[in-house]
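Alright, structures below, take your time with them.
Both complexes shown next keep subunit A, but they swap its partner, so subunit B is in the first and subunit C is in the second.
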Partner chain A sequence: MNVTVNFFVMQITLIAVVLVLHTYLGLHIIRRGIIFSDLVLDQLAAFGVMVGIGWGIRYGTPLSYVLALGATLIGCALLAVLRPRNRLIPQEAVIGILYGMAMVASLLLADKMREGGASLNATLVGSMLWVSWPLVWVTIGIYAALGLLHALCRGPMLRLTEDPSAWPRRAAWDFLFFVTQGIITILIVPVAGVLLAYGFLMIPAAIGTMFSRRWVPALLIGWGTGFVACVLGVITSYRMDSPYGPTLMLAMGAFFVLALVVSTWLACRRSTVPAGLAAGSVGAETGGLR
Partner chain B sequence: MNLASMLGFPFLACVLLSLILGYLGLHVLKREVIFIDIAVAQMAALGALAGHLFLGVPGDSVHALACGMSVTLVAAIFFAVARRKVVQLPIEAIIGITYAISAGGALFMIGKGTGGHTHVQDMLSGALLWVKGPELLWTGIAFAVVGACFGLFRKPFQRISDGYAEAVAAGMPVIGWDFLFYALCGIVITLAVRLAGVVVVFCFLIIPATVSAMFSARWGIRMMITWLVGIIGAGAGLLFAQWLDLSAGACVALALGLVLAASATGTLFRKTI
Partner chain C sequence: MKAHRTLLLGFVVAATAIQVWGSEKPLRVVATLPDYAAIAKAIGCERISVQAIVSGEQDAHYIRPKPSFVAMVRDADVLLDTGLDLEMWLPTVVDKSGNAKVRSGQEGYVAVAKGLDLLKKPKVLSRSEGGVHLYGNPHITSSPVNMRTVARNITAGLIKNDPEGKAYYQEHADKFIRELDERMFGKALGDILGGDTLAGLAAQGKLYGFLAKQAHEGKPLIDQLGGWMKQMLPLRGKPIVTYHKNWVYFFTLFELEEAGTVEPKPGIPPSPHHVLSLIENMRQRDVRILLAANYFDQHQVKTVAARVNAEPVIVPLYVGGEESVETYFDLVDLWVSRLVATAQKTGVLK
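Presenting the complex of A and B:
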């Protein structure tokens, strides 16, 4: 196979597979209002990797992945258990504090390491340009297994997202949810970097949410637009010789802004209520998420 | 060099930060826009970078600061309009995606420049220990002006933070007030991040406000608690950093985290007895 064609097929296959589960989990995350939970897990995974580097374990080796998984599992348990009953403290504040503390731990560690700054940066940028077919196959395998798990557990997972108030053993289900999110984080962050991984999770799901309150249409819209945006990003990056990850991110960003304008215009057109009351009524009509 | 002359300026900087960010944090927590700090800091960095690349503005100059602030003003307009008009998505999701896109934009412009990682670490942890007198003075004056604005407009700001839907129903011009709020927020955060780095500013913004929520629901009492927590955390963190020879910013953030953990444990204990 031609080298260029091989490169495109590999990248696009990886993106197509990754986007399915990311969009689905992203829909859960947006509906639960835990927008930055992914950054906590990303940061903890990076912390685990950095601890490994401190002990002389190289970035990207199996042991490094194990350490990242260990740190992420602690984060998953904390995210599932720490649920404030005080209505003045939103769940997102707990996520913020966990993120802050994970960041502080990484900075203190980077401070004491010779190549601390460089390893901190490596976790931000990733190296998606260097993916290989074995990595693509491993990713497809693990994503398929996790997708199957989510398909089997979709009942409780969806109910927990739609109405978490009356659900037994909520912490255990939440832990399972965060563990799947953690595993895909560990897999994708070394490849795509923290930012692009966050973009894959949030942007297609946000686009889907804007156009439909129902799960399947939102998933299809999110996946479709995310995929088209990424393919355009890959082509632009190749043709213009621009940095790979940021170009994909900006392509998805352009689609997000376009979707924001179109969906708001549609919501305004549908709304016939006077402007003063529009927030509540349009919210109710389109299933607004406030 | 004795302890007072070494930690005097950093401690003063922390007091300034805790005074202004403590109050702002109460609003941020009520509005559930927790990650506004990270998004605004990223937008300001994007503005400064664009100024450097397209206008040739030196990275550490007043002009670069102005470029950064112009971008945060655009973001303020965007957040104010989006909060009112975009009902399909929670505002925190829009903030999160804005952060990701602006970070992508900054990385796009940097490409793979050398020395990027040092910059990343500096922007995150800041250089709190090396803060200078004149810088502190100018930042203090700017914070005083912004603080006066917050004092002057506290009623509409608090009304919108307490209940957005009610404020809309009462016919308040929420977009205008929100724009002013996010613009002031942008000024404070851009200046604060220059002083202490994103992580420390984030911790000053969220942690004292969260601690105060454990003890009271009233604005006045919560404000006093946030200031007290901020100043205690700053003092303890700086001494800790000095004692163990660690990064000052990270230690202050850690100390704030410990104050929060102690308060949470205390609250649990109080409820069980």
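Presenting the complex of A and C:
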């Protein structure tokens, strides 16, 4: 296969697979209001990768992933357990503090390492340009397994998001949720970088949420717009000779802004028509996946 | 009266002790790069104490100033800096140290690149070109021929701050430059043409061509060539891809062809178009060597190399970047030996 065609097929395949699970988990995260939890896990995965590099373990090797997983699991446990009892301290404060600590730990580590600067930069912007087919196949396999797990556990997972109060088993399911999020994090952060990984998780899900409260339509809208944005990003990056990861992120960001404008316009339009005619339209939809 | 005499004697003894201690106290030299520190040590030996701010495996562009750097510069008598826009973080460190003696333009400050003919001076000054260097490429340490000028500038700086050691510094500097010339060109050629002539031609990338045309006592002059220049002669004109443009002086010296860079604009990640063109170009031209400093993302270097069946040569850019590299000579030995070995392994050299 021609080098350029191979590049496009590989990138688009990877993006399509990644977006399915990321959009679904993103919907959970947005509805639960733990917007920055993924940034904590992304940064902890990056920290684990950097610890590995510091020990001479090559980036992208199985051992490097194990270290990233170890650091991410610690983050998952902390996210599941640390819940301030003081109402004035929201869960987001804990998440913000954990993110800050993970970030500065990475900075301090980078200072002591040979490839510190390059590694820190790589964990932020990623190296998506350099993926190979074996990595794409591994990603597809693991994402399929995690997708199946979420399909099987969709009952408790949806309850976790929609009605977690007075549920004794909440911490265990919370931990399982964060573990699946952690696994996709350790797979995607070395490839896409912390920022783009966060974009994959949040932007399509946010777009989907703007247009539907129901799970399946939101998932389809999020995945579809995210995929189109990313494909346009890949093409733009190639045609305009611009850095890859940042261009993808910007393309998704542009779609997010566009979606905001469209959803606002739809909401304004709806408010101008009689209430009876607007039933079932944007913002009025409720319901679930089951 | 006796008490006065005792007191006076005490003062004299104390003053003498302070003077002796002061005269034996080594000149405190701080260098930005470990290469300058290694050369300063070779010239100053026991008359100086020397420390480097950047370690051998770090990227000198992106150093985060730390309190320990401030303490180092605060106590320095001499500060060795490239004097270009490589160590952009240094003015902050000097300001915080409060040591006015080592500020740019003062007696204690030495710009080691002074007098070098810099390459790749930008024609257009624009931030859109990435981390553009206003005065030209500042990675002067990648060519041993530049180290002759660096050694002379360091010597002048040491003499200015410790005039009593002039003869000492001069003697050691001459010894260092003689050894450098011998390792670069071999003893025989140095005896015939002299280090200055050879270095002048080599710095412009004209030495091989000149030697090929000249004869000495009926034999081609190039037969007299030794040292690193002889080891690298088979690689003359061979295309090599680099990760970043920090080998410009090295390529000019050894007359290698830079067939592209993985990171086209310093500090800006590459685009798909650039990477795919680079891979296509490397395949078409059968470029089999990819040279990179060891502080770059080795994963990227190895991935590109693997895609085009090339061999990555990942080496330290500075002294101390690997355990075995303790002097500048060790560093160039390592560059040359790894490149030649890789060229043989990949079939670039038959």
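As a convention for this text, the second predicted complex is superposed on the first by the 270 of 290 C-alpha atoms of A that agree within 3 Å, B and C clash if a C-alpha of one lies under 4 Å from a C-alpha of the other, contacts with A are read in each partner's own complex, and residues count from 1 in each chain.
Please note the rule applied: a contact is a pair of C-beta atoms (placed from the backbone, for glycine too) under 8 Å apart; a residue touches a chain by one contact, two chains touch by 3 or more.
Note that this is a predicted model, so its numbers are computed, not measured.
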- Which partner reaches more residues of subunit A (counting touched residues only), subunit B or subunit C: B
- With the two complexes superposed on chain A, say which partner A:Leu176 touches: subunit B (first), subunit C (second), both, or neither. neither
- Message: For A:Val3 in the superposed arrangement: first (subunit B), second (subunit C), both or neither?
- Response: second
- Task: Look at A:Val234 in the shared chain and tell me whether it touches subunit B only, subunit C only, both, or neither; answer first, second, both or neither.
- Result: second
- Message: By the touch definition at the top of the document, which applies to A:Gly245: first (subunit B), second (subunit C), both, or neither?
- Response: both
- Item | Touching partner for A:Asp111 - first (subunit B), second (subunit C), both, neither | both
- Message: By the touch definition above, which subunit A residues appear in both interfaces, subunit B in one complex and subunit C in the other?
- Response: 107, 111, 116-118, 121-122, 125, 242-243, 245-247
- Query: Which of the residues in subunit A come into contact with subunit B in the complex?
  - Reply: 30, 33, 35-36, 86, 88-90, 92-93, 95-97, 99-101, 103-104, 107-108, 110-111, 116-118, 120-122, 124-125, 195-196, 198-199, 202-203, 206, 209-211, 242-243, 245-247, 249-250, 252-253, 256, 260, 263-264, 267-268, 276-277, 279-280, 282-283, 286-290
- Item | subunit C residues touching subunit A - in the complex, by the definition given at the top | 57-59, 62, 64, 66, 268-276, 279-280, 283, 294-300, 303-304, 321
- So, in the complex, the side of subunit B touching subunit A is made of residues 29-30, 32, 34-35, 82, 84-90, 92-97, 100-101, 103-105, 107-108, 111-112, 116-118, 120-121, 124-125, 164-165, 168-169, 171, 199, 202-203, 206-207, 209-210, 213-214, 217, 246-247, 249-251, 253-254, 257, 260
- Would you mind writing out the residues of subunit A in touch with subunit C in their complex? 3-4, 7, 58-60, 107, 111, 114-119, 121-122, 125, 127, 129-130, 132, 234, 237-247
